[in-house]
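Structures for review follow.
Heads up, the next two complexes both have subunit A, just with different partners, subunit B and then subunit C.
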Partner chain A sequence: MRASTILFSLAAKSLLNRRLTAGLTVLSVAVSVALLIGVDRVRTEARTSFTNTISGADLIVGARSGPINLLLYSVFRIGDATNNIGWDSYQEIRERPEVAWTIPISLGDSHRGFRVMGTDDGYFEHYRFARGRALAFADGRLFVNVNDAVLGADVAASLGYAVGEAIIVSHGIGDVSFKDHGELPFKVTGILARTGTPVDRTVHVTLAGIEAIHSGWATTPRARESVVAAHALAEELKPDAITACIVGLQSKLMLFGLQRFVNEYTAEPLMAIVPGVALQQLWELLGAAEAALLVVSILVVAAGLVGMLTTLLTSLSERRREMAVLRSMGAGARLVFGLLLAEAVLLAAVAALLGVVVVHLAMFAARPMVLANFGFYLHAGLPGQFDLIVVAAVTGAASLLAVVPAWRAFRLSLADGLTVRT
Partner chain B sequence: MTNRTTVGAMALMVGLGVDAAETHDTHEHGHAVLKLAQEGTEVVVHFESPLESIVGFEHAPANDAHRAALEEAMELLAVSENILRLPAGCRSTGEPVVDIPHVADDRDDDHDGTGKDAGAVHADHEATAEAGDDHDPHGDGEVHADLEATFRYHCESGPEWLEATAFATFDGLEEVELQAVGPDAAVVETLTAASPRTVLTGF
Partner chain C sequence: MATPDTPAIRLADVEFAYAGGARVVEIAELEVAQGERLFVEGPSGSGKSTLLCLVAGILTPTGGTVDVLGESVSALGAAARDRFRAEKIGFVFQMFNLLPYLSLIDNVVLPCHFSRARAALALGNSGSLRDEAVRLLERLGLGANALRGRRVTELSIGQQQRVAVARALIGRPPLVVADEPTSAMDATARLAFVKLLLEECAIAGSTVVFVSHDPSLAASFERSVSMTQINAAPMEGVVANASNISDA
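Moving on, here comes the complex of A and B:
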């Protein structure tokens, strides 16, 4: 048996003998490691997920507020609602020569806690996510009629809806809506394939559909007809305003020119933002807070390790007998030194690995809640490079710190010999 | 000077003048914005700055010193290297388009054939401008004006980096916010005289 194997098996047995204190030490270090990895994971996952949510869109046009606010509300459906933009302004932007396509977005209604978004065919044709992937139907087809609805994958899965089912859209957001637009039931015509973006949690209807709920059109005799094509009613149910629109350009070179046109639009205060730029600005804004969180988590790990050091040091006086027995059986002072180091390394490595497991399980469990509340998707991927670095760093730091108790044990075991003072 | 400013584009600014600032996104003295867009081998860069940071004032020119300052700024802006540098693989194409509000006003007055003598400002126009009746959108004596210059490049490979040289050209500039948008990437970076250069990852 090699010396190191003896060392680690001795250390493990000794730790098992003190399983309660050792377990608690492992737990405290594991929690701190989980926190550190969790902070980093959420940070990187949020970035990837936000970046993946919108792809291929050149500009987002909305009412003048802040770029980040407009981006968060129109694309991620989080944050404060922005003002609407006039339908005429939207038409004018749409007809600009630079513009290749537009996607209108009308928000403000909900269905059992899921956002309802009014839009048109352009959405299914032009919306891209995760670096250029288009939306696909898992079942059914596009909306055609005023009261047709296309569901995101999560909406269908969590409410158990299938194509053909009737749903009621309510005004405002939230689970229990105080005012149901009960007169006009929507029929599910399609369910989208999962995207891992807020699209999954959205109920899509036509712009005319949104207008129908709000204008009282639903109570007219015409609405009683079973099928009313939305485009046939385009004029009758023309919206006055939409929340925002996503714009695709003929060429990226025209980006800032059109942005200037929109920002200087005189009929109403509009704002055009470049999604990528607004996201970068958001990261810049969050950068300081992220750094602070990271520093705090590193300090928590340091505190956890110091706690481990304390435990090791206090255990020494109780273990003078153990050390003395080892020495009497021919163990050198170096072995005692090594034993303490091995203990620390074992404790830290087990704790760090446990932390990694805990954080990944927690992220998996928190995924639906995070997507619902913060608009991004936590991928419970395999442990990455950062996880490995943390495990190595924590174990390394623990072995360095353990030099203190190890040195003490080394000295004491020499001085004590077999004479145990009582 | 090889790069001539485009008079037509300047004429666009007539009437906009200082009013342009009213609907502009941001206006912070000492703070300019460089917006870069890339598609294929073509690159367009817009430079937007408060007029004050470039010429030291933000109203219609009141004296010869003001007019000279505007003229000088116009000439400096017409050379892209005075504002930014891109890697050697990128060469400037076309003429820079420079919009300076009050210079445009002046030039427009000059369209009667007196040629390029931008210094010759009609006395009555200037009097109107100074009275501020149509140059003070806030009505509180606060006047803001922005200038803009557009540069075009042809790049053999993507522009790997960008260096803002505007700090050396205009003392009034403290920072330049870069917003660069490429096919699959966006870079936002605040450049200063101490660190004027940034790598454009993903371009």
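Moving on, here comes the complex of A and C:
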């Protein structure tokens, strides 16, 4: 049998024999590795996911607040708008010569924890995600009537809704809403294909529909007919305001011109942001926190490895006998050195691999929660390059650290010779 | 290299001191013939274990030469000494000879992983290393399947020592060295164990050096030497009446 084979086989059996301490060591290193990979994965996943959520939009217009805030509530459904855009201002922007299309966004209601968004056909025509992909219907069709609703994939899947279902929209956001708009039940006419963006968790209705439940129109005799095309009501149910709008331009060259127009708009305080720029600002804001988190998780890995070192060192005193026995059979002091090294490598490699498995399972399990609370998709993809680097680095660091106990074992076994000491 | 006339062990003017310590071994001459069974007695601290380490090439003498089976062990490099020990010498210690994390069989087979020659001899005897280990254990009265399935730490001291003998004998090393292997046993078990060890070594044709501070065992051996006679090093702190000393 080759020397390295016997080395690793002895190391593995010896570790199994001390499976409690070895197991706890593996666990602590594995948890630290999972933390490190998890932090990095969440960071990169958040970035790709956020970047993939909106594409092809030139500007986002909303009430004047912070650009990040506007981006978060209009596109990612995180947080709430502080103010609205007046309907007239929206019309004025829409009719600007630079503007190719707009998507109005009207937020503030919810259905069983999912946000309800009022919009128009432009949304289905112009909204792009994941580098230019358009929305597609998995089932049914676009909303037409004032009480039609189009569901995101997750809404339909988690509430078990199919086309034709009647749903009640509630005022306010959250599971426990203040007031149900029971007077006008909405009817599901379409379900969108999965996008991996917050669209999946949104209930889409017409702007007229939103207005209908807020203006009291829903209690009028006309509403009882229920199936009234939203277009026919465009004037009757004209909203006073919308939350925000997404704007596509005729040409990118006009971007700064329109942005200036909006920012200097005098009738009400508005703001236009470039989604990419706002995202960049968000990353800069989060950058320091991310770096701090990464440093902390690297330190936790270091602590885990030092714990392993301690375990190996303390095991030495009770294993001097074992070393002497091995020496008597012709094992060189170098084999004793190698044995300790092999144990460290085994412990670290098993721990790091376990950490990788744990973190990917955890991300898979946490996916719905993350999407619901933070508006992005965690892809529980296969382990990537970073995971490999971490496994290699942890194993490498462990074998470097293990030189300490290995050297000690080497010295001890040379000094002890065959004298079997305890 | 070693003809039948070559002594199994020859020490000439051997001196040894542990690093920074006084001389603990000083042996002008000691010769053991091949196939001979030598009993070495002496009080605690008289240098018995040190002598065995010199023979096994764990320690190198500060002066003089140690030849084992025609090879000048004291002149070999560290790696060569380790290899030589793996090939030629079977060891039995006082107690705790076995690795607690290996099975009975794996413990017995272990020396074959360090020596090709012994592995080849063991395979020549039985079909596999495992079979040879079982055969040896059976000869030593540890044939029962139930016994073999047990963890080595669950065996009695006497049983553990017999497993250690099986391990020392696998692959028929020409020299078997035992350092107080009976000191944890009672008087009757001791005699039975020594008898068994010598029988098995005779079958394997191995030379035996058996160290003990219990002179009553000397009768079973062809020849007996006392450390107090052959070791000229000053023995400080050696307790003359060794029988009062319980083993540490």
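By definition in this document, the second predicted complex is superposed on the first by the 417 of 422 C-alpha atoms of A that agree within 3 Å, B and C clash if a C-alpha of one lies under 4 Å from a C-alpha of the other, contacts with A are read in each partner's own complex, and residues count from 1 in each chain.
As a working rule, contacts are C-beta pairs under 8 Å (C-beta built on N, C-alpha and C of every residue); 3 or more make two chains touch, one makes a residue touch a chain.
Note that the structure is a prediction, hence the values are computed from the model and not measured.
Novice: What does the overlay on subunit A give for subunit B and subunit C, a clash or a fit?
Specialist: Overlaying the two complexes on subunit A (C-alpha atoms) leaves subunit C and subunit B fitting together cleanly.
Novice: In the overlay, answer first, second, both or neither for which of subunit B and subunit C A:R321 touches.
Specialist: Only subunit C is touched by A:R321; subunit B is not.
Novice: Give one of first, second, both or neither to describe whether A:I6 is in contact with subunit B, with subunit C, with both, or with none.
Specialist: Touch partner of A:I6: subunit C, not subunit B.
Novice: For A:S14, decide between first (touching subunit B), second (touching subunit C), both and neither.
Specialist: Only subunit C is touched by A:S14; subunit B is not.
Novice: Applying the document's definition of touch, where does A:A30 land relative to subunit B and subunit C: first, second, both, or neither?
Specialist: Neither subunit B nor subunit C is touched by A:A30.
Novice: Between subunit B and subunit C, whom does A:K252 touch in the aligned arrangement: first, second, both, or neither?
Specialist: first
Novice: Using the touch definition from the top, say if A:I167 reaches subunit B (first), subunit C (second), both or neither.
Specialist: Touch partners of A:I167: none, neither subunit B nor subunit C.
Novice: Looking at the superposed set of three chains, what is the minimum CA distance between subunit B and subunit C in Å?
Specialist: 58
Novice: Overlap the subunit B and subunit C contact sets on subunit A and report the shared residues.
Specialist: Common interface on subunit A, subunit B vs subunit C: nothing in common.
Novice: Contact residues on subunit A for subunit B in the complex?
Specialist: On the subunit A side, the touching residues are 131, 251-256, 259-260, 263-266, 269, 271, 274-277, 279-281, 284.
Novice: Using the touch rule from the top, collect the residues of subunit B that touch subunit A in their complex.
Specialist: 20, 23-25, 35, 37-39, 42-44, 46, 148, 179, 181-188
Novice: Per the contact definition, I'd like the list of subunit C residues that touch subunit A in the complex.
Specialist: Touching subunit A from subunit C are residues 49, 52-53, 56, 58-59, 78-79, 82-87, 89, 91, 93-102, 106, 110-111, 113-115, 167, 179.
Novice: Which part of subunit A faces subunit C closely enough to touch in the complex?
Specialist: So the residues of subunit A in touch with subunit C come to 1, 6, 10, 13-14, 16-18, 321-322, 324-334, 417-420.
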